[in-house]
Amino acid sequence: MSLASPYCLSQLAASGVGLLFALAPIGIFVARRPLGSRLTYAACMLICSGLAGVALIALLTPGPRIASIEIPVGLPLGRTLLGFDPLSAAFAVIINVTSAIISGYAIGYGAHAREPLRIVPFYPAFIAGMNLVLLAQDAFSFLVGWEFMSLASWALVVSEHNSAENRRAALVYLIMATGGALALLLAFGLLAGPEGGYAFDQIRRAASSGVGSIVMILALVGAGSKAGLVPLHAWLPLAHPAAPSHVSALMSGVMTKVAVYGFVRLVFDLSGPPLWWWSIPVLLAAGITALLGVLYALMEHDLKRLLAYHTVENIGIIFIGLGLSLAFKAGGLGSAAALALVAAIFHVFNHSLFKSLLFLGSGAVLNATGERDMEHMGGLIHRMPVTAVAFLAGCIAISALPPFNGFVSEWLTFQAILLSPQLPQWVPRLLVPAIGATLACSAALAAACFVKAFGMTFLGRPRSSVATTAHETDRWSRAAMLVFAALCLLAGVLPGFVIDSISPVTQMVVGSRLTPQSALPWFRIIPINSARSAYDGLLLFVMILVATAATALIVRRFASHALRRSPAWDCGFRDASPATQYTAGSFAQPIRRVFGSVVFRAREHVTMPKPGDTAVAKLRLEFHDTVWEALYLPVIHVFEATTDRLNKLQFLTIRNYLTLVFSALVLLLIIVGTLR
Amino acid sequence: MIQAWLTQLSQVALVLGLAPLLSGVTRKIRARLLRRRGPSVVQPYRDLLKLIRKETVVAENASWLFRAAPYAIFATTWVAATLVPTFATGLTLSGAADLIVIVALLGTARFLLALAGLDVGTSFGGIGSSREMMFASLAEPAMLMAVFTLSLFAGSTQLSSISTFMLGPNAGLSISIALALIALVIVTIGENARIPVDNPATHLELTMVHEAMILEYSGRHLAVIEAAASLKLLLYLSLIACVFVPWGTAASGAGALAYAIGLGAYAAKLAAFAFFLVLFETAVAKMRVFRVPEFLGVALMLGLLGTILLFVSRVPR
Amino acid sequence: MSPLDSDIAHLLAGSMVLVSFLLLYQDRMFALLNFFAIHACVLACSVGWQAYMQRAPHLFITALIALLFKGVIIPVALHRIVVRLGIHRTIENVVNIGPTMLFGIALVGLSIVVMLPVTQSEGAFVREDLAFALSVVLLGFLMMVTRRNAVSQVIGFMSLENGLVLAASGARGMPLVVEISVGFSVLIAFFVVGIFLFRIRERFDTVDLQALDMSRGE
Amino acid sequence: MSVSVGTAALTGLLGIPSLGALFLVAIPNYRVAAPLNVTLCALTLVSAASLYSHRPEPSLYLLVDDVNTVFLIVGALVGFTTSVFSAGYIAHELQTRRLRLRDLRFYHAMYQLLMFAMNLALVSNNIGLMWVAIELATLTTVVMVGIYRTSAALEAAWKYFILGSVGIALALFGTILVYLAAEERLGQGIKAMAWDHLAASSAGFDPALLNLSFVFLLLGYGTKVGLVPVHAWLPDAHAEGPTPISAVLSGLLLNVALFALLRFKMIMAGNSAVISPGPMMVTMGLVSLVFAGFMIYRRRDIKRMFAYSSIEHMGIITLAFGLGGPVANFAGLLQMTMHSLTKSGIFFGVGYICQLEGTQKIADIRGLTHSQPLLGWLLVVSVIAIAGLPPFGIFTSEFLLVTSTFARAPWLAILLVAGLMIAFSALMVRLHGMAFGATDKHYSLAAYRLAPMALHLTLVAIAGVYLPAAVVAWFRHVASLLG
């Protein structure tokens, strides 16, 4: 049996996951010493690389796809099946590549942890849980992995438990994660049917679209809450930043992708042929998510929270692709569905790269300055040059600007949107352009947001003393960030290879695939046909390089070489303090005025003293988290009110309790008497 | 093959050479409309040369980004401008990118410019970057929606294909196209710092946007940025010309005569657009900053409306 | 067995229900205790009659326990406790007498209704007897629920338990009835001793359970 | 051979604790009594375990079958580990003078008596005997709950006593009704109270009497199980008694009462004319689950909170058994076993926490993972286990329960999930406050003293990951018996 046989691959992958699980208890014992934690992270890196390799082989090997191995542990009344099919293999490549690099970063970064015992053991468990979700070919192991992933990441979020804010974040996270998992549990219950066929192939065989609709809604709630779809995103901007930065990178860059996988698995693979209206809730939620996510991010001055909100936006973009694919699939438009799905999964890949990169960068900054608030940063480009370069690459990539990778997936999504006139139903046909508009808006706002993020953090003058004394981060961290930056560029200029790797997934899930792309001249990508659209990242990149070089050469040849350093001119206002710079708040002010007054009910209250009065002028900003206030607070209030009311039952007299028993007795007697 | 490359190269050179001239022409027309004599149309070339020869002053705390940004901005804009058909369609490199890519390339340039504005850490730079990004957050989607309308109309996002389609028999008059045109014009005005939105000729005014961002630049850096700005204007006008008045544009490999005609037509179109642009500029007054989003919002709405009307009025292909 | 036998059993069971009603509206301590003694005596008669009727001599033990323990010892003990606690004036009723009585009647109706579908293969004897027993149980329970005073609650509980013994003795040939009645006597003793202990240890100023509830843990 | 071993085991099961109780009451020195208590429990556990393979002949009074062996072994195991925990626990109580030596003598005797009563209730074939045994168990626990003699403890004991007595009375009435129903068919005398005969021939019983009896039995034994609305004694009894007793109550006594209920449900199942007991049990289970979830949230006392969590779980288990069918019954059995182990483990931890912190108030307990990391994390993991997250057994059972319910009764499943969600959130809110947060306290606690808790947790974790085929087969068989 060859090493590349699916069966052997599944075994390899399963043992990799087993190793990761085993690493967790080992971590408890070795975490006390810095070397121990470094070795643990290194082991994670190696295992993840191995898993990524295995998954890549599984993805690219043609032939019989699903070769699950059965392991004797797990559900007592069912079978535990593990293995890769193209869908899970593709996601496994993505998450393991990212996890491996993040683990590399952690080799250096993890040494800064104050209480490594609260982090190191959970880290491999977290990755293992995510891998288990992907490997699972039955509902039980899927959910075990899912919950394990939530649980391990919860432990990591609460690792800095001394701050009340973090504790609250962890709590909200755990509760919402469990709520989501329960929704998935219901979905699987429905799919498995009364006979309890929990294995995925059993479910596929029994698939009927009667239950599919409910499963779709449940999956949207369950996976959507994990991924961060508005309005189920509330935990995400709390929890992701609360964790140590390498874990934030894992949560934002990797875990949300597992949630996307869950959605694809449930809706595209398991719940049978889609109905036309399924795409509508998905698209609506996705559009709102994309737009609200970026607006929230713009209002945020905490670097990590900004990034977390941006994850929400990107999840919206991914779900736009998924929704489109669902619409096309339901409309019988195979190749369009394939295009949309490719766009979505490509964006999954991209987002995992650049969001991890950005979180790692924020970790480096946090470590250097001890600050997450951008209002206290500035000018770090001088003191952390490598981090700055990598972070800049991430910013450009996430703002969907060519020639980086973020643009390619967004471009593909736009191409898919432009195919929407072919849809048979009116509702999605009218909805899709509007979604396109929100996508365009969110892309533009994202650029604004990352100008702010990079500009306030790395550019300008230092706004606090910690920013002046910051230092560059360690070697491992720098290397990891540079690798991410390089991958972002590489995926942007050579997208054909990525698309071709995703094709087996579309073949499996929507039954169609794009034409092979990687063999086209100049590594161009032509998703539909060349007269319609094409993109050539490599050529574009070369052109930009050549043009830049040419300009630089010409200028160098002809221009004066004289260069003088002098204080900033600033229209003559010399020697102003760094406090006169634009801050994150002032940068976002125009956008807040334009969008925020509606979305966040943002109001500015200015108290201006009379002329001659020496009192301080004050600007107070009123700001509402509309989603939280409209959706979550009422639930919390109802819950509190109910418990208040029920709690009186704890303080009754014995006689009252006897009355309860007595009434129950009389009631049951009456029931029995009337039922006969 | 070689001829194709030559044509392409000539386009690359053409846009580069023509861009300052376009600026010069608009300034001249503007001056005339204001009953001034105005500088010569080649004045922008002189300005650029002058700037290039001057000593460059860089703020003390400026980083490498500040110095590298002008070149990158210029290069991206240049590449984008190259990709828009001017006198001929179907050039060698045009397959590398479609309309969406062009919009995105401009986005990259804007992104870098905004960062450069923040680099020195002055209040003016911040104002400029912040407002530029706010405008862009409406202008870019508006432009994309116009692009959507065109692409759906022509069934392609490739500019050459769209241009050819517009020439062909299937393109009729459509309300959507008109809406797209208006949207595109508004975006052109907004993105090129033209008058109701921004004033390219002033300094030291709190409402300035573009000029505020490049306030710290001088010498050769400023020259490169100014060149990029004029390239951008050229790009937008070429784009409108190529899509909405495609007549006279040569098809690829059509021969020297066709190219000559195309070139002439292109020049004429540019001149006409420049005139209308300036005419409009002189006729309106500068807006307050927070009126601009409404102005650009109109473009976004028109673009979206155009797209949706298209869905309603046309049988899907 | 003759119809007369079952009629007598019937009569005794019915009179237990009657005494239960009398218990329900007694608002004086001593009267309550006296009526409870009567209740226990009627029970003893009823059980004794059953013992005779079923030729089941062990039921005589039960009857004896009922007579001695519940008819004599407990009332006397409670009498002394009441005197010692100084609560021999009146009983606080939580619900008014009128509604309580009405509700009691409804409960008797309910017991008859739920017993109706029971098959009559054994004759009316078991069914009617059971209905009465159930009524006594429910009325005892009702008394526990409507009274605040611990002593009257004990009496409520004991009358409830009398209903159980009535039912058990009515079930022909049922084993363990004696054991069960002994077991219940232990329970009741616990009950009484509990009240007594609380008083003696002076942890609570009153055996009113409401006051006792004040010291809950949170 | 096997039968005689079985008889010996059965004798041991009942004889060891009853004789042990007599011994212990006579031993004044707790340093002797506590190890003896442990030894007796260990011997009982051995007896119970040997019943797994060796069954004695059933008699009219005693019966060992597949169903009660599950309960017996789980019970004996929890009884044993609790006695180990109790040995360390009471030493501290003695030091802090919350208990006196005389109390301990009484305590140990009562402990064994309780074991005896519960074993008797489980192995009794006679429904009257079972009733007597459960009454005995109730009385012993009543006095144990009141052993601290604080006003709160006395109140809890008093409440427990009164409500328990009423429950007992109702259960007795139900038992009499069952006898009456059976007597026509099986003739007068002891046979009409023997459970195996009842179950075998219940088809011919009068359905009206059975219906009526089940109402009384459900409320009567339901009081012991802790089902809402007849649960009121449970939280206070758990909170005010010594913690080992809380562990035994949650881990054992509730199961025993549930077992009694199940026995009667099996009788009902044999008769097709009766109103199905399922919906009643499902309703009460569901109400208990949701209500307890809400109540957990408001608790300020750690032991009371976990007591409500026991109510919640008993609700789930009752719901599962009420639902019936092979999967739900299996889930119910598994949940019951896992809950016994986990909850008693939690109470071990809680016992130490209360001793170390000197308080039971949740608000005063914080940062346990910092002040005593091992204990803190064990508590965290246990609560995660009890809340139904993997890789623990309760997740498995809840997975089976929810999925099988959703396929059969979707709305019920949604309510079930809502209840689980409420309880989960409430538990987590409280856990966060206790396990995390800044504190500068450091407690020392010898690791070996946490061994019982760790053992329980390990068992639960193993069961969550891998349930041996033999156990699965056994449980499936029992599940099929439960109907």
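In this document, chain identifiers A, B, C and D correspond to the written order of the chains, with residue numbering beginning at 1 in each.
Keep in mind that, in the parts below, contacts are C-beta pairs under 8 Å (C-beta built on N, C-alpha and C of every residue); 3 or more make two chains touch, one makes a residue touch a chain.
These numbers were taken from a predicted model, which means no experiment stands behind them.
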item: Per-chain CA centroid nearest to the all-protein CA mean; value: A
item: Pair of chains ranked first by number of touching C-beta pairs; value: A-B
item: Separation of chain A from chain C, taking each centre as the mean of its C-alpha atoms, in whole Å; value: 69
item: Distance from chain C to chain B - Cα centre to Cα centre, in angstrom; value: 99
item: Euclidean distance of C-alpha centroids - chain B vs chain D, Å; value: 78
item: Inter-centroid spacing, chain B versus chain A (mean Cα positions, whole Å); value: 35
item: Residues of chain C engaged with two or more neighbouring chains; value: 114, 117, 141, 144, 153, 212-213, 216, 218
item: Shared-contact residues (touching 2 or more other chains) in chain D; value: 158, 162, 166, 208, 212
item: Chain B: positions in contact with at least two other chains; value: none
item: All chain pairs that touch each other; value: A-B, A-C, A-D, C-D
item: Chain D to chain C touching residues, read off their complex; value: 126, 128-129, 131-132, 135, 139, 142, 151-152, 154-156, 158, 161-162, 165-166, 168-169, 172-173, 176-177, 179-180, 183-184, 187-190, 192-193, 206, 208-209, 212, 236, 239-240, 299-301, 304
item: Parts of chain A lying in touch with chain D, wherever the complex brings them together; value: 72-77, 117-118, 139-140, 143-144, 147-148, 150-151, 158, 161-162, 164, 167, 170-171, 174-175, 178-179, 182-183, 185-186, 188-190, 192-194, 196, 198, 639, 642-644, 646-647, 649-650, 652, 654, 657-658, 660-661, 663-665, 668-669, 672, 675-676
item: Residue ranges of chain C touching chain D (in the complex, touch as defined); value: 114-115, 117-119, 121-122, 126, 130, 133-134, 137, 141, 144, 153, 157, 160-161, 163-164, 167-168, 171-176, 179-180, 183-184, 186-187, 190-191, 194, 198, 203-204, 212-213, 215-218
item: For the chain C and chain A complex, residues of the former touching the latter; value: 94, 107, 110-111, 113-114, 117, 138, 141-142, 144-145, 147-148, 153, 209-210, 212-213, 216, 218
item: Footprint of chain B on chain A - complex, ascending; value: 378-379, 381-382, 388, 392, 396, 399-402, 407, 411, 414-415, 417-418, 420-423, 429-430, 433-434, 436-437, 440-441, 443-445, 447-448, 450-452, 454-456, 459-461, 522, 524, 530-536, 539-540, 543-545, 547-548, 550-552, 555, 558-560, 562-571, 573, 576, 578, 580-582, 586-591, 593-594
